[in-house]
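Here come two complexes built around chain A, the first alongside chain B, the second alongside chain C.
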Partner chain A sequence: MNWRRMLALARKESIQIRRDWRSLAVVLLMPVMLMTLMGYGIALDQTDVPLCVYDREGSQLSQDLLKSFVSNRYFSLKLDARDYRQLVTAVDGGVCTVGVVVPLYFSKLLNAGRPATVQAVIDATDNNTANLIIGYTQAVVARFSAAVQLDYQQRRGPALGAPSLGLQARTWFNEDLESRNFIVPGVVALVMAVIGTFLTSLTIAREWERGTMEQLVSTPVTAAEVIAGKLIPYFVIGMTDAATCAAISGWWFEVPFRGSVMTLFVSSAVFLIGVLLLGFLISALSRTQLAASQFALLTTFLPAFLLSGFAFPIDQMPIAVRAVTRIFPARYYVTILKAVFLKGTGIEPLFAPMLAMALFAAAVGVGAVRGFKKTLD
Partner chain B sequence: MPDESWAVVVEGLVKDFPPVRAVDHLSFRVSAGEIFGLVGPDGAGKTTTMRVLAGVMAPDEGSAVVCGCDVVRDPEAVKQHISYMPQRFGLYEDLTVSENIRFYADLFGISRRQREQAAARLLAACGMSEFSGRLAGKLSGGMKQKLGLVCALIHTPRLLLLDEPTNGVDPLSRREFWAMLYELAAQGVTIVNSTAYLDEAERCHRVALMHRGRLLFCDQPQRLKQRLPGAVIAVVSPIAARLREELAHADGVHSVLLIGDALHLFVDDAARRIPQISRALDAKGLFYDEVVRITPTIEDLFVNAVTAQEPH
Partner chain C sequence: MLARIWQFVVKEFFQVWRDPRTRFSLIVPPIIQIIVFGYAATFDVHNVPTAVFDQDHSQESRELISRFASSGYFKITQESGNGARINDLIDRGRITLAIRILPGFAEEIRKREDASLQVVLDGTDSNTALIALGYINQITQRYQQDYQRDYLNRIAPLASQRVPQVMLDERPWFNKNLEDKLFFVPGTIGSVLMVMVMTLTAFSIVREHEIGTLEQIMVTPIRPLEFILGKTIPYLMIALFELLIISLVGVMWFEVPLRGSIALLLAGSLLFIAGVLGIGLLISTLSNTQQQAMVVSFFFVQPAITLSGFGFPISSMPPVLQWLTYLDPLRYYLVVLRATFLKGLDFDLLWPQFVGMAVFALLTLSAAAARFRKTLD
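Up next, the complex of A and B:
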């Protein structure tokens, strides 16, 4: 590796990027566009869902349950129904999106240590919204159930069977009930994978297309110098994009940031280098920009979307597919982002996913250097 | 060991682009300090040959030793010693003249001082001093080619490979370009350039005529003319184009070439054919100014060689 030649490449590439300010603007605005698009498309929470309740028992406990529905910002009480018919009419007529029915003997059953069931009627015209609301409802009930169980055990001792509430608690969302907290880090990884790979996937193919590569490969420059040199300016742009993504996550989507900026920086850098090098590998293997961009989309967006655990939980995938997800660094980046943002994990516990990303970067880097041929065919 | 007096030794070079054989068992040598021309029409295989010599394309067969380096076995070794200017403009159109120069200087490890001196001298030599801040894409065709030459010469190459360097260049720039080439050759730089124009070929010290990947002749331009079997006679006439039909199949005429208002006839024996042709034209009442023996141009030579290869 000759440093002067590498820096010459970096310098030349930077000038070209700066001159093409339109593309630069697009590349810098891309995270804003993609984050809002995907963040909202996927992760927009419902708030103030119009709620209708029908309390058949009217006990202290049943009122407590209904209070816990309205005490958060997800539901807002629109109607306290007199009978079941009124509740159904409200939901059918679109006045309310969800109706909650507390059964007779609700508190009696619970106090006797027996399970009770709460009924929820949900307007499922919009499937996604309905799913979200089911999730919220389940979470509220589960929380209430846990409180009841705790209370019961404190009174009766843990040996006896504890009562439970119907809507079986299966939290789809994180503890805060914030689906966006959970999904936004996935969007960040997806956006970074797509942008990172796109940034570099065109650069080598472009030089072949424009005819500048023919002259470049007739000089003593080596494949490693070309790739390392071109990597530098795109790394700077990519890190700017990463910062934009992080800022949007924190300020716009209000995902709590509990970790250290340093950990975020280091992990983003490692991930970014990996995807940039993947772009070079793609670019080195294709001689036209069109082929390169299609290949880039195929190799980043799809796996990042499907396999990183962003859209589908990894532990529910078939074993063969799960094995494939280990290769894609987006998965590790999502893990790290969640840990850094939500848990505030430091850098040491994240050594394993970090190493996995570094190994990916190294492997793809070697592939790119080997794949870059200094000959025309 | 390769002989040091040869800058280029090509032997039995073959390159296939199925179904086309772009270069077909090509052999030639270029001695150091020579201006060597690869001459042939489009598709002759000039670019392919240049690419092999520059170490950017692997041949299918044969050997090529450039500046003592075997470019087939180790194409990288030669790259420190050569400069290659592709047929298609190979510099960055979105970089300025001086940024392009700096880029290529850095790639060859030229110090800043050396670069500045060399750039100033070279830009002045081709009348481009005031354009150093202009984007390469905004230069005229001739200036682009001259910039290509400046970048190629920013380090001191032992061999300069120029693929159709004066294509699309105006006559004045072309003259400046050649002046620079002669000066370089005088300093000992070997130059291999390709052209489809025979008038350009006559400026080279030696030329290799190529057609369909094969070498037809390889010699000094003057010698090639002497080598022509038979002779060339010119029929000068305002109706030369019409006479072409009449004379193409006359006895002893190999081939016919129309240049301006003259018809060049390749004949086996000038002394015998001149009176014969004059008589034939007189008999048919076809008007002509004169029928004379001429020294063949490279163009004549080329056409004759190609016709000889493909009789029909």
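Up next, the complex of A and C:
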């Protein structure tokens, strides 16, 4: 490896990048756009779930129940249906996600000390939302039921007091269970993965398509020098992007930052080198830019989105898929990001994921040099 | 004119089919994507690693714990001690949840005093935490109810028959078992189709421009409209072929039901593909290099997927982003996909989505044609 040749290549590459200022601007603005978009756009909290009610009885008690639905921030009333058909159409057409039906004789049954059943029809197309809604609905109904019971017993003289079983729940790291705090650190990994491979996967394929690769081959540079020389300018851009992402997460989205900046810096650098090298490997293997962009998407964006634990918990996946997640560095980077942002974990427990990312970078680096040498022959 | 278009279509097909890597990337990545999404995209909450600290060692506490264990939502390890280890266990990521039953729990329940259960949650993954908390609530509430019923049975067997109670009968429609794959597979069909069509068309004109073959086409007697048609027809057909493959995987492999009409699905898909083709061609005419085309198309695809409601509900987004979703053709298409696959809806509820996609297709295709005419001059 000759340092002068490598630096010369790095200079050539940075001149090329600077000349294409439009792409440079895009690459520097991309994190801002992606962070804002995904920080706001990816939210799992459910408030103001559109609700539709059909009160078949229309008594004081049934209205009380419906009021207790509307009076919390989880539901917002969209429609007071006149008949069952109207409610069904509203749920079908997506006007509301949940429809609550209060049966006939609702208050009569309860006043007679009998159980009454309220029906909740839920559009479960989005099963996660449906799951949360079922939880909220159950909570509202249970609370109402307890109140009715208490009232009933008090009216019959000395209450047979029921034990109250309270729940003292304390939540750590993300005290208000805001999905933004959960999502945003993962988005940083997503943005870095995209930018990393995106940038590099086009550089070598472009040289092939334009024919400048022939010129490069005729010079005395080695494969390792080409890769290192191309890596340096893109690494600088990538780290700038990482800093932008971290700043937006901390200051704009106000995600707590509890760990050390140093851990964040080191892990981002290791991850970035890994994805950049992966980009080189891809571009060395695929000679057209179309194929290169497809492979890049498949090997970086997809794992970072799906197999990283950024939004979808890894321990809920089938075993085979869980094994696959261990191959990609995104999983480790997301673990570190969440630890650094929310948990404030020190560097010692994070040593293992760091090592895994470094191993990935090394393996892909060797592959890239080999693959590149082969294409030269 | 027809003959010229035909010749052009044949040429485009040859160009796409010639390169084995492109051929490969047309078929394999979409299938991988749908399989990975079908398995990995899950918000399920099962077997949450949970540590239980039972400091009461009573019949009551054991009964409650066994209810947690048998629910299937928690993977329980019994821990001894007073819970000082909770900190460490959560920090190391061994558990997500700790339940602590303080000494005197049974005593308090028997005396009908306020007994309480301490729960510590790792809130990093807010979605899992929220759903788990819902389950804990449910289990403790049912325990309390059952305890009360037993108690009443013992002291006043007759009175216990007459306790009013409101029960909830929840009916998750369209996805009875709340399965993730039913939500994600139709969504993935839409996003894979979009990415595919987008990358193919965004590269198509600019590549000819870069390689210089556009000049050759311009000296032929072909007219702009013929050119645009010649560029769209082959990609439309490829896209329909893709739709067929991934839908087959969805229906046969993941057993996603197809409840609606195939004609409606096809009509919606055609409108959607036309719109994406339009935007792809527009990008292709606006860019000078393939790298630019790739970057710009990414800038369209990424927000389009995030805002489509593909994985994250639109109703949870801030209002500004909710308005923006109306500019997103994928938003409309996903409604059509989910409605035809899961809901089996008819055109009378879906026509607004068709109007949205038609307007989008009309605007982008005419903009692309106009823009192309300009580059020819």
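Quick notes on this one:
In the analysis below, the second predicted complex is superposed on the first by the 240 of 377 C-alpha atoms of A that agree within 3 Å, B and C clash if a C-alpha of one lies under 4 Å from a C-alpha of the other, contacts with A are read in each partner's own complex, and residues count from 1 in each chain.
Just so it is clear, contacts are C-beta pairs under 8 Å (C-beta built on N, C-alpha and C of every residue); 3 or more make two chains touch, one makes a residue touch a chain.
Keep in mind that what you see is a predicted model, and the values were worked out from it rather than measured.
Contacts of A:266 after superposition: neither chain B nor chain C is touched. In the superposition on chain A, A:247 makes contact with neither chain B nor chain C. In the superposed pair of complexes, A:363 makes contact with neither chain B nor chain C. Once the two complexes are overlaid on the shared chain, A:20 sits against chain B and chain C alike. When the two structures are aligned on the shared chain, A:121 is found in touch with chain C, with no touch to chain B.
When the shared chain is aligned, chain B comes close enough to touch A:221, but chain C does not.
When the shared chain is aligned, chain B comes close enough to touch A:212, but chain C does not. Using the contact criterion defined above for the overlaid structures, shared-chain residue A:11 touches chain B, although it does not reach chain C. In the superposed model, more residues of chain A are touched by C than by the other of chain B and chain C. Overlap of the chain B and chain C interfaces on chain A: residues 20, 210. Contact residues on chain C toward chain A in their complex (touch as defined above): 19, 21-22, 24-25, 29, 32-33, 36-37, 39-47, 49, 90-92, 108-110, 112-131, 133-138, 140-141, 143-144, 147-148, 151-152, 155-156, 159, 161-176, 178-180, 182-183, 195, 199-200, 203, 207, 210-211, 289-292, 294-296, 298-299, 302-303, 306-307, 309, 311-313, 315-318, 321, 335, 338, 342-343, 345, 349. Residues of chain B touching chain A in their complex: 51, 54-58, 75-76, 79-80, 82-86, 88-95, 99, 102-104, 106-109, 161.
The touching residues of chain A, counted against chain B in their complex, run 2, 4-5, 7-8, 11-12, 15-16, 19-20, 210-212, 214-221, 374-377.
Every residue of chain A that touches chain C in the complex is listed here, in rising order: 20, 22-23, 26-27, 30, 33-34, 37-38, 40-50, 65, 89, 91-94, 97, 109-132, 134-139, 141-142, 144-145, 148-149, 152-153, 160-175, 177-179, 181-182, 194, 198, 202, 206, 209-210, 286-291, 293-295, 297-298, 302, 306-307, 311-313, 315-318, 320-321, 325, 338, 342-343, 345, 349.
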